[in-house]
Amino acid sequence: MNNKTRTPLFHVSKRGLLPWYKAWAIRAAALLLALVACGVITSLVTGQNPIQVYAAIINGSFGSPRKIWVLLQNIAMLLCVSLAVTPAFRMRCWNLGAEGQALIGGLAAAACMILLGKTLPNWAVIACMCVASLAAGALWAAIPAVFKARWNTNETLFTLMMNYVATQLVAYYCVVWESPKGSGTIGVINPSTEIGWFPQIGSYKYLLNILIVAIVCVAMYIYLNYSKHGYEIAVVGESERTARYVGIKVDRVIIRTMLLSGAVCGLAGLLLVGSTNHTLTTTIVDGRGFTAVMVSWLAKFNPIWMILTSFLIVFLGRGSGEIATKFGLNRSFGDILTGLILFFIIGSEFFINYQIHFRKSGGKEG
Amino acid sequence: MDNKTPAVKMRNITKTFGPVVANDKVWLDIYRGEILALLGENGSGKTTLMNMLSGIYFPDEGEISIDGKDVVIRSPKDAFDLGIGMIHQHFKLVDVLTAAENVVLGLPGKLDLKAAAKKIREICDAYGFEVDPEQKIYDMSVSQKQTVEIVKVLYRGADILILDEPTAVLTPQETDKLFAVLRNMRDDNKAIVIITHKMHEVEALSDRVAVLRHGQFIGDMPTKTTNAQEMTNMMVGHAVTLNIDRPEPVDPKPRIVVKGLTVRSIDGILKLDDVSFTANSGEILGIAGISGCGQKELLESIAGLQPVEKGSIEYIGDDGSAEQLIGKDPLAIQRMGVSLSFVPEDRLGMGLVANMDLGDNMMLRSFRSGRSVFTDRKTPRQLALDVVEELDVVTPGITTPVRRLSGGNVQKVLVGREIASAPTVLLTAYAVRGLDINSSYTIYDLINKQKKNGVAVIYVGEDLDVLLELADRILVLCGGKVSGIVPGRGAKKRDVGMMMTKLGGNAHE
Amino acid sequence: MFDFISFIPRAVVQGIPLLLGSTGETLTEKSGNLNLGIPGIMYVGAISGVIGSFFYEQSGNFRPLPGILIPLGCCLLGSLLMGLLYCFLTVTLRANQNVTGLALTTFGVGFGNFFGGSLIKLSGSSLPSIILSATSNAFRTSLPAAEKAGVFGRLVLSYGFLAYVAVIIALTVAWVLNRTRVGLHLRAVGENPNTADAAGINVSKYKYIATCTGSMIAGLGGLYYVMDYASGVWANDAFGDRGWLAIALVIFTVWRPNVGVLASFLFGGLYILHMYIPSGMNLAVKELYKMLPYVVTIIVLVLSSLRNKRENQPPASLGLAYFREER
């Protein structure tokens, strides 16, 4: 104890504010390191040289016009869900229920297509779908929100559970509306009449989705940063006591924000069912509700940066999918790589927020 | 005394938090059989220095030795092993555990709560404390919690005790009891450090006093050889006149009339009991009382933040019309056209948003103005610039998050914003707590200016000297009841002190 | 008449993976770490065991004892590494726990399915699954007395050894948490790390140990699922959402592993109830029954927040990183 040589080798302290470009440089460095690590691992597994691996990753996203469109569509959908969770996150309300909220939105859309498709004209069905999906998503988010606002029920756990209730509800209707009978799946809805199918812009199947999400993205950025509601969300997120002190009705803001969050999730479900797939399955949201948490967090809850982070995630996913098929690996290899890259980026945040002092050398590192 | 080996020797201790230098090459000696008062204003680095001794922080530079041996204190556990025990200002207790569980927390060996309870009772009997070892902490009062803290340190057999502002939450009777215990421990040859900024405690209790200012060690001396004036000079750096300006009220008229106000906390504890008073325009009404006697509830009731059990709070307008404030939230009060400003005790947790910049904090009061769904950012930014300039706020700019400012500058930002809305009622809670002398006077001036403008000021303070010099009338609270209302001019400190501890004062006991 | 005699043992074997998962997660959460990576960790635990036993079975001469110990060791090692990764990111590097946990689940599920798929390829099987019958038989060996002891034997004695281990682990964890000094310290770390630190408790060490031990326990849940419940058959994604159900169980039991023993059987029962309810030919309703465990959990979560009893709340610092010099 009294031995001087036992002075700690290093100790950690909180950093002052790092200029944004330095912070992003650290993140970029982490990403680069992650890519190198992924390349090395893939090379080891496949025995290919790393250059080929990277070429395959890029090819997976940009190899053909179709691949680019799929890439953009996937970015748009992931971005949409990420935008949805962001207002809640800014309020420090951990909405992990985006998966379920989007699914319920999709269910509402499918219900309109199936139940109203024979009686109403196409435009009326689409209008009903829009209203129903947004409302359903909002409702699914409002349930935990009300309990959070009134009784401070833990929203992380509540929304998480709501996902599976939604999944089972969809599974139920998948059987109820199965087509053909006995398949247990819904199949393409209204395949001949195409009622409830969203219009295509020209020959671009995915363009409508991409445009809608782009508009939502800009709108969300403006809403969060320049509107009175956005300001209220920020105040509630930082300090509920301050919010009450200036007369902000915290419970109302929580419910309102979660309604918005759920409605945008519902929109994602609507686009997936009405525009992309024209069908409904329990896995139609494809884990985006969870990936969105990471996308939003990586972008520091900034909608514009989220375009970049969702691109990153989708690009990696599609790239590693390409590796998998090209080199005869299982598609899940992509998940491993995505996980690895996330670990690097998550770890890099430490070097943005903290610095390490080494005792002996007296030097600093960050 | 110089021949003795110090129990603790701290040399050249430096600690920084980001850009803030909390301790700058501090030297300090602590001896056994002695009570050392570590004196300094809030923010002078006393607590930080002692936290390094108790292993909470690790110094950036400097050496510590215990009984002449160099040591490295990396963790609180290291500190315990060296016999150092600290009682923190914010209690380090786990709410859902019992007193006994808290006391034995961190100790090695088999868990035997029965034996622990027995030993706790023995300690309690020896010093005259009362602790139920089975009671959960969340069921306890503040002073009970402090007792648990002290028992915890004694249980560990610490012989170097550090107490961080232990009297802040105690009644005078409890304080006397505590001091007696501390003296016993000193006679037991323990080394005791008490962190304080109250001069009379230094004089009443300590054998030696060490003074810190702005993170630097200024000097130490035996308490007997010094006096309050000298210590104050060392604390603040230059001689200060304690004269606070007190202009005569101009045309006072009733503005806030409180009748029979009764408030219960969520746990059902009576916080305010049948409180009645009137606050006049153009006058400062001081509120005195031991902390936790209902001051917070009183202000928050008027501000519309506290549910009220019964009673009435009326706002009297300039035209003599009366409006009931009870049952209205801050927004409703604002919409009624009542311009009410409130400087709460918890500046960064309630009055301001710590992570937002100055401009966005100015917006807290005004962001609703206008019909647009978008916020107006220009006006608050201009207000921020004005406040920075007029009140000499030291800040790199108005885009700096307020948590990066020092305590005094934070308070200037808060007060600056609150008076910017031209209030007719100004509520302030501990407006100068933790501020240096100069900042305090800036705040007194601002408050007096409001008074001259005809604002009804309600000033909750903890320093009786200030209350006696600043307030026109003083309302004394004792256990949630009005103990008395006395004119500020000519009031005796002793009388007010008695009223704080006993209903009605009852000076001739 | 509802057939309890056949229902209960099936509910129990359904419940055991959940019990192990939730015991592990409870231990983790008591240290203040909300590990949403548990589903991934259970996958990794399962696949690590599968890999170990696959190569052991391939090597020829199979003997039961190493046949159990090798997958067991691989499973513990795999889930320990996952726990260490989570701790390194959230405790040492103080990363956001939700994000780290979800990334860990992505990684873990991918890891499981990738190596599962690779092994299937290696085995050259025509089915999309690996069958480890020898290992499974070793894991499923129950007491010989079970056959003879009638109803009692079927209800209580008919399980593989891991089921009993699971119950013992749950009771031990409950005992450690409530009756020992280590448990007291751990609860303090999860409730108020500042205080625990000031009391001389090494917060990081406790978080590491609790989280890594919790991960290993949860990993065993994955192993039990493959080796015992699924009779040694690994198929990609077969484990399903049981990881999340384990997290639900933590809430349902209000952070009490001893309650978890019975509650996990209840959850297991709810999970398979749809097979026992005569719903005619309506397959759809069965999907609704699968919702029950989650709905019940939500109800418990809501009720415990309504009653607002301090002992039934999540650990106070759950989800928050601890940095001593925060100010």
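To keep things simple, chains are lettered A, B and C as they appear, and every chain counts its residues starting from 1.
FYI, contacts are C-beta pairs under 8 Å (C-beta built on N, C-alpha and C of every residue); 3 or more make two chains touch, one makes a residue touch a chain.
Because the structure is a prediction, the values reported are computed rather than measured.
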Checklist entry - Which chain has its C-alpha centre farthest away from the C-alpha centre of chain C? => result B
Item to check | Between A-C and B-C, the pair with more C-beta contacts | outcome: A-C
Checklist entry - If you average the CA atoms of chain A and of chain B, how many Å lie between those two points? => result 45
Item to check | Where chain B and chain C are represented by their mean Cα positions, the distance between them in whole Å | outcome: 48
Item to check | Euclidean distance of C-alpha centroids - chain A vs chain C, Å | outcome: 27
Checklist entry - Of all residues in chain A, which are in touch with two or more distinct other chains? => result 13-14
Item to check | Sites on chain C at which at least two other chains make contact | outcome: 325
Next on the checklist: Residues of chain B that contact two or more other chains, please.
Outcome noted: 17, 58
Item to check | Parts of chain A lying in touch with chain B, wherever the complex brings them together | outcome: 1-2, 4, 6-8, 11, 13-17, 226-232, 234-235, 238-239, 241-242, 244-249, 357
Checklist entry - Residues of chain C touching chain A in their complex? => result 34, 36, 85, 88-89, 93-96, 98-100, 102-114, 116-118, 236, 241, 244-245, 247-248, 251, 283-285, 287-288, 290-291, 294-295, 297-298, 301-302, 305-306, 308, 314, 319, 323, 325-326
Checklist entry - Which chain B residues qualify as touching chain A in the complex? => result 17-19, 58, 60, 69-72, 74, 78, 81-82, 303-305, 329-334, 342, 344, 346, 349-356, 360, 363-365, 367-368, 373-375, 401, 404
Checklist entry - Can you name the residues of chain A that touch chain C in the complex? => result 12-14, 94, 96, 147, 151-154, 156-158, 160-165, 167-169, 171-176, 184, 287, 290-291, 293-294, 297-298, 329-330, 332-336, 338-340, 342-343, 346-347, 349-350, 353-354
Checklist outcome for this item: Within their complex, chain C touches chain B through residues 179-181, 183-185, 187-188, 191-192, 194-202, 310-311, 316, 324-325, 327
